[in-house]
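Sending over a structure as structure tokens; questions will come in a sec.
Naming follows writing order (A, B and C), and every chain is counted from residue 1.
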């Protein structure tokens, strides 16, 4: 369901009524709105999931209500809606000594970074906004916009805590991009392509054709990628840039209302992006684990979403279980453990491929 | 590895900051993430406790002691009434004594639960904190059952107690202890042996024994430095000499003696000892005895002064009471254990990273109500 | 006063001094009992002075003999030998009254002396004794010998100077700052004598008995009529 497909469809429907330039614009606008809608709905769902999963882990009930009056709906289902409304209605404060243009720019930039990553994420065998031939590379590239906006937010707030948060996030995200990228190189080596759909097609044929089971190095690569991905999204145990008990709220200290909501939203959006990349790159994407069972195009969407959802659940699970690392330990893990592991993986897979697969 | 020195930045941690456990301001000099010097500024919660006490009668002081260390009000009451009874030479009956011990030890469990939980929270572990609060809630329910209050009890009075134990208290307490005892092991596994937690606390903020004594640090913080010093054992008051319990000390299991992990672990073990003490005290609790028996009609101590120490969950709690023979204290000074514990912060936390400093602060278990008074 | 009453008092005082505390209390006549108590206090007061005079002689055998149980008496006896003239006024068995001048040296000695080894300063309390006198009281404790004493140092309001012991017991840093904050006792030699609990620009010394609240604080009028809320 790419832009071309929509364009063709619109052309056949509205041929001659509207100029083709406008049709192309419309064809681009529709997936944009679809992604935006998807992110919003997904954020509401995952916030609710986070509340409920954390409640379960912490032995409490979490949001709930009787569906009467101001309660948060049945089982607290309206809680995320209420949260979103609260953030929307809050006063928008810009500190008087902040660097105004940058301060306003930062939350939009981080959201754009997360938003345009969705373009290359395959939800099904034909459901992808743009089937780029450098899909994986593109996602890694635009994902890096986040770090720029976090530094901007930290600097523009003119607050020492924000500055600390910004500096920490810069160091952290830049460092963890490397093991994450190197782990994905292994995937590219096996699949021989950067195209997301081709990587998934390469994994056709059931559970044991998935890249994670391709050879003994791949589970390691998966774990390195996944942990690095958690670090890139600033989630506990790597939430140093906003560690609330140290830096108050880190880079987001001075943000409130809708601007804060954008940081919030893009954190969840980034969680989806990195989980989807992990699902597509290692876990067979939209393929069913067993050939022939629930293996149609429509089921593909289900598999993709549930694999991604499971990884997001793991992220939530980790967040509510583990304490936070210290800043030097974080760097140690990255440079002294993950980077060598990722490099060894590359050589290992290369040799493995030469010896067994050729 | 060479150390790069940059320009120093002065940073105010607090008075409104999630990790300062109240309204405390730490002015720190930072060089990047490294904190070179810490200057605490106190007094944001100063409520003129000592000045107030000079203007109210002796029994009216008790509610003020509640409000000093609001997380261990029972032991604050306990220390004051022990001092007053020494000053007035009052002997109270065994039932009162055992009830006081039960309350003080339950309070110690509650206080340590919060201390260890909040310590975890300072390190980013949210879940153990809520598990501990869940169990602390049951202790508070027990207190509510006894005296109606959940935080500030005003329960122990000079020469007695405000109420006798309610019906069913003993059974309920035993039920709680049976439920709670295995939970302590769970907390130990959940937090104490977590790899990241150990990395964050072992060998961090080491307080050698001499430093601890020189800075007047007492209680679990001193014991974590390897000194077996517990007023319940070394200078027994009330009926602690009739109870059998151990004083856990820091052994440096995960790192060095006196590090943050030891301070955490000593508290956890003290919870176990307190469970043991409560069980013994319940066994020995006399069936009869009027809790108001020895209460004087009018509290008017003879002229003189007393310095009396008791063991609060945070350390040696001293009351210096000077009486001039009138109805109001001439001077009442509280020697607060958290006050001295905070004093050592610059010594043991200077030179560490920002995250470590806040972890060390959490491991000292300070309560600002008691520091500022 | 009749002669036999005087004799009764003398007898009772002698008995009391030799250890029978009830001898005085057992006197039935109230007036006589009061007089006997007064006489007893007077006699007790004279006793340490006697010890003073023959102190040089008894000092050598003090080391061999087990010292008396009372730590305060032990310490004051040694103090007299080591720092003559440092004691202030009459001594008793509950505390040691010192003059401020040589307090720093005495404190150092108390901490380092292996017999006493007071390594822990438990508490420092300021006092307003009225009549223009302030007092600083120190509760010392030894973690090694498990004994404790109380030391009191009296100074006048006009010149409230006491040597700081901050460098001996580090805990005294904040204790002395608090006493300074509340009583205005000036601890000489303290490295950082600032207010600790009150704001830096607070006026007056709140725990002195003659303290008057300031009229305004940063433009806020301090209410003096406290009806209804106190």
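Observations
To be clear about the criterion, a residue touches a chain if its C-beta (ideal position, glycine included) is under 8 Å from a C-beta of that chain, and two chains touch if they have at least 3 such contacts.
All values reported here derive from a predicted model rather than from experimental measurement.
Geometrically, the chain at the heart of the complex, using CA-atom means, is B. Of all the chains, the one whose CA centre sits at the greatest distance from that of chain C is A. Distance from the chain A centre to the chain B centre is 45 Å, each centre being the mean of its Cα atoms. The distance from the centre of chain B to the centre of chain C, each centre being the mean of the chain's C-alpha atoms, comes to 29 Å. Each chain gets one centre point, the mean of its Cα atoms, and the points for chain A and chain C are 70 Å apart.
Touching of two or more other chains is recorded for no residue of chain C. Residues 54, 57-60, 160, 164, 236-237, 239-240, 243-246, 248, 320-329 of chain A are the ones touching chain B in the complex. Contact residues of chain B toward chain C in the complex are 42-43, 46, 48, 50-51, 54, 213-216, 227, 229, 234-235, 307, 309, 316, 318, 320, 322, 331, 333, 335, 339-340, 343-344, 347, 372-373.
Against chain B, in their complex, chain C makes its touches with residues 119-123, 125-128, 137, 139, 143, 146, 150, 169-171, 173-175, 182, 195-199, 206-207. The touching residues of chain B, when paired with chain A in their complex, are 9, 11, 17-19, 33, 120-127, 130-131, 134, 191, 194, 196-197, 199-200, 353-356, 358.
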